[in-house]
Amino acid sequence: MQQLVQGIHRFQREQFSQDKKLFETLVDGQHPLALFITCSDSRIDPNRLTQTKPGELFIQRTAGNIIPPYGAVLGGEAATIEYAVAALKVRDIIVCGHSHCGAMAGLLTPESVESMPAVRAYLQHAEATRRIVEENYSHLTDPAKRLTLTVEENVLVQLESLKTHPSVAAAVGRGDLKLHGWVYKFETGDVFTFDPDQNQFLPLRDVASPLSETQRTLPPI
Amino acid sequence: MQQLVQGIHRFQREQFSQDKKLFETLVDGQHPLALFITCSDSRIDPNRLTQTKPGELFIQRTAGNIIPPYGAVLGGEAATIEYAVAALKVRDIIVCGHSHCGAMAGLLTPESVESMPAVRAYLQHAEATRRIVEENYSHLTDPAKRLTLTVEENVLVQLESLKTHPSVAAAVGRGDLKLHGWVYKFETGDVFTFDPDQNQFLPLRDVASPLSETQRTLPPI
Amino acid sequence: MQQLVQGIHRFQREQFSQDKKLFETLVDGQHPLALFITCSDSRIDPNRLTQTKPGELFIQRTAGNIIPPYGAVLGGEAATIEYAVAALKVRDIIVCGHSHCGAMAGLLTPESVESMPAVRAYLQHAEATRRIVEENYSHLTDPAKRLTLTVEENVLVQLESLKTHPSVAAAVGRGDLKLHGWVYKFETGDVFTFDPDQNQFLPLRDVASPLSETQRTLPPI
Amino acid sequence: MQQLVQGIHRFQREQFSQDKKLFETLVDGQHPLALFITCSDSRIDPNRLTQTKPGELFIQRTAGNIIPPYGAVLGGEAATIEYAVAALKVRDIIVCGHSHCGAMAGLLTPESVESMPAVRAYLQHAEATRRIVEENYSHLTDPAKRLTLTVEENVLVQLESLKTHPSVAAAVGRGDLKLHGWVYKFETGDVFTFDPDQNQFLPLRDVASPLSETQRTLPPI
Amino acid sequence: MQQLVQGIHRFQREQFSQDKKLFETLVDGQHPLALFITCSDSRIDPNRLTQTKPGELFIQRTAGNIIPPYGAVLGGEAATIEYAVAALKVRDIIVCGHSHCGAMAGLLTPESVESMPAVRAYLQHAEATRRIVEENYSHLTDPAKRLTLTVEENVLVQLESLKTHPSVAAAVGRGDLKLHGWVYKFETGDVFTFDPDQNQFLPLRDVASPLSETQRTLPPI
Amino acid sequence: MQQLVQGIHRFQREQFSQDKKLFETLVDGQHPLALFITCSDSRIDPNRLTQTKPGELFIQRTAGNIIPPYGAVLGGEAATIEYAVAALKVRDIIVCGHSHCGAMAGLLTPESVESMPAVRAYLQHAEATRRIVEENYSHLTDPAKRLTLTVEENVLVQLESLKTHPSVAAAVGRGDLKLHGWVYKFETGDVFTFDPDQNQFLPLRDVASPLSETQRTLPPI
């Protein structure tokens, strides 16, 4: 705890002055570029990864970057998403899984979360992930590859779940919002994004993530 | 979106190499110092504020740093807290509110969230905050002061809620976990912590936050 | 009631003998072609519409052919879908809306369901439909056209919701299951199906409904 | 799927013309005789069984003709029942179980639905059925007879559950609504109805089902 | 508070000695005659009313003697009922409403509980009562008579709800448990019980309450 | 049942006349001294224990004197507490556990409540109690002492839970309400209250229970 308090004091002494102007303009409100949804894992620092400054990323973090479908849980995820889309009008939502995710490991080995009833209950919102891996990839037995696949499939499952949120469905429908699925491999610094044309995760290129391209736009009426 | 992608490429080119060694040691698992619970607000960067490195802070972020009591919602908050305490054995949990919080503003002016049903539903977990402010502070009419008070009271309310989580109650009971209530005023860089002796929030000093001192320890049996 | 009892007696006297052989083979189990999800509306007769015999269609009917996302409600919809996919191994699911749907009319005029709290609560699972129509089609003011659009959009919304059900997600992923969105206009006998290429509902042709073509298949691993 | 599409085309070519007039009168609204609640089982065709035409039966179908008590699940069952009674003013509700019901078989052998969590959860609304069979009929060991008994008891249990729905309780109280419990044995074409005087299910006779006779009417005030 | 503490000391000094023997036999377990479900109202003392001694009445008390149907709320009511029936094997359950009940008054005037969201939510389990009174007794305008009728109807509604609890349904079915509906008019000391033959509440006579007589017994198999 | 009916008749003949005046004044409303929350156990008679008369104690009783945190269950506990605090303005709430509590015994031996799903579900609201005993008192193996400890810890856990109820939090904050934790040992007539200074349960002395002394009062603003 001492370390955190000393860190804050160092921040106040050494760094705040360079942010001061920026923070003053932010008193009147935030206009973030995107909603970034990722795991609570301590090895992820979304602002550092994307080199963003205060005011640029609205961030939601719970274990396993899980997004319960709309109506399933009137919890923080639904409220945070709705606030980002309907109040802050973000233009992009990124769902970012990561390598070595403990929540996804728990999904593959339920006995490891036996004594954690709240974790077990929450992982039910990744039941589609579990079922996809179990039913469709029984031939994939290497544990490391199986975990990587689970992390990837879970990003796609949570994107489907995200689309059931009314504010998201409406904004995507009119072309005001794009959805992106990423996987961050922290030990190499790589970020992968799902490419629907090639049907796999590929290294993030210098283009907008293509997933949203398959989104339906407003029909002519 | 382009800015985020370019930021990642800059991170990969310019900064990853200096973190590389650290990240490699983190492949085997995380051992964070604390669970840091704060709002999704884009103006907060917990790692920068506390000058912590990857692996040091387990972070939970949803709108309004709200923590539904145990059993109220089988959502991400309960799972993330349980995982941090029971699996990662963090020794401290910080609940950190902040100045100009949009969620708390929504609590004071329900009509502003009328068209956001998920936000409205989630704010029911801050109903105690709302009721405390309405019933006990009717004399406080200045909107800015009223919002500041609401942010502070909400931190205390959510700490009470946090104590209902079984893993937290058990770890606090045996002295393995301390709970801290903070308010971050981003426009000045100040951090305040609740001091039960003086019954108010005071600037964070270079000591462990005193709130936990009133915690009950194991009775002699 | 007399009419129903007399109808049954007529069925027993005049029609059962011709079904008898078929029913005897069905004693050992059912192997339906598809799961047909439609409204409870009395003007729809799925077996007559599709000219199917006993044993061919597994049928789910509740008001408004609404499908709560997985986890939202542990009700009959989730169980029926799971049973159809995981136990009966159906190869197709059709979500079929219809013209003049009272549930969709209730969605557009909430005051009309004011005194029906269970209906009002259930329509929350069509909140995405309502929001899409309200936010994206404010220019469409003709009530009849607005209801038709609502019926169509609701079919697409419920298809998204259907994809969050784990058994569905897994079976679609491996190519064992296709999803179809239909609208039945009972007063003309027409059936429309959504064509993603043309981005609109078109008369059902003598081909498999194309919606599933955009489904992702198993990636090569 | 081809078969269904071809069936629709046959319906449009060969049968729609004879229904055309009827369907045109139904454009203005439906006035069904009854709400018919039965299982999703493909071997049941309620319209054919009762020889009813479009517009005559409002039909609710989910696995096992289960009706969660009011408030237990804000799902399709409660909304459909409320709409039928409060908006359409049906005068009769029939709960119709059937022979060889897979859902009831699953209730007796929980291990058979082990991998279907949504089915398992839904069957909790037939827990009274399970408990009645287990506690009161331990002497009945023949599997076929045990399944038949379970189907019958479940109809009675779901009728009790139906009475907890406010719109039903109010309409039954003033004599505007009658409730009927049926079992359909599809392989013989027989329909049985519960006779409270004889305390057993008897073949449906040409009279109104007697179950409602025990309903309480308005006391004189 | 002082009064309560002093009352306890008086009990300890003056009365405990006469109960001592009884309490000692009760250390090994309780075998209550009945489960008594009534309102939390301070004007009701079930033990004094029935002249029962410690060990004789298992007592459940929440506002309005409301019993949510099984599955509606996994709260104290369901657990207490199940424990009484399945573990303690009580032979009778009494649901006892009372005159001047504040909860029932709140049901008739929803605006009076506007600022009490938990009360409002709980009264949804008496929605059938409200609907019966509103729809079937619009001619009854005298407020006192209307409240009396509401208390009576609510007892009958909660008895229906009680029957959905599996342990109750099973025990009633085999004749091991009887259900009774009472109304206690504290200002006169009268107790009324529902007589199904006369279709009204009548003064409690020196016979077993007749309501259960209409219960179905085990059919001959 | 006969015994209860005869008891009522004895009450009416022999005792009601002495309460008559009191009951008449209570027709206009109740003004109880306190809300008394205790177990449904038949061996507890709160009015006799505290020597209180009708109108003095508002009483909530469900199995195990469990109080689900606010929002966890919209059941009778939340409504009863809110009504007592917000409508009746009680000044004290007592949570009173007791010796030989069957619910707490069930918490320690889950297999004993295996066939009681509603009891099992409700005990989840005492999961913090279970976890505290299991994790922090593994050295305490004597079953009787372990049950006593569980009863005591559960009172403290439920007090924490009680504080999450908004009406309670607000009233405690302004000094209008005090909370008390008691354990009643019926076989000796002793009542114990938690003393935070000595960190243990001590015999109830002739002073207000000290637990509330640690409550936070309104800060100076």
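Here are some notes:
Every chain is named by a letter (A, B, C, D, E and F) in the order it is written, and numbering of its residues begins at 1.
Just so we're on the same page, a contact is a pair of C-beta atoms (placed from the backbone, for glycine too) under 8 Å apart; a residue touches a chain by one contact, two chains touch by 3 or more.
Predicted, not measured: the structure shown is a model, and the values here were computed from it.
In terms of the stated touch criterion, chain A and chain E have no partners in common. Chain centres were defined as the mean of their Cα atoms; on that basis the chain farthest from chain D turns out to be B.
Its C-alpha atoms superposed on chain F, chain E is turned by 180 degrees; the angle is given in steps of 5. The distance from the centre of chain A to the centre of chain B, with each centre set as the mean of the Cα atoms, comes to 19 Å. Averaged Cα coordinates give chain D a centre that lies 44 Å from the centre of chain F.
Under the contact definition stated at the top, the residues of chain C that touch 2 or more other chains are 68, 70, 73, 117, 124, 127, 165, 167. If you sketch which chains touch which, the chains form one closed loop in which each chain touches exactly two neighbours. Listing every chain once round the ring, from chain A with chain B next, yields A, B, F, E, D, C. Taken together, the chain B residues at the contact with chain F in this complex read 68-73, 124-125, 127-128, 130-132, 134-137, 140, 145, 149, 156-157, 160-161, 163-167, 169-171, 173-174, 196, 199-200, 214, 216-221.
Across the complex, chain B is touched by residues 1-12, 15-16, 19-20, 23-24, 26-27, 29-30, 32-35, 40-45, 47-52, 54-64, 66, 68, 70, 73-84, 86-87, 91-92, 94, 100, 102-103, 115-119, 121-124, 165, 167, 178, 180, 186-187, 189-191, 204-209 of chain A.
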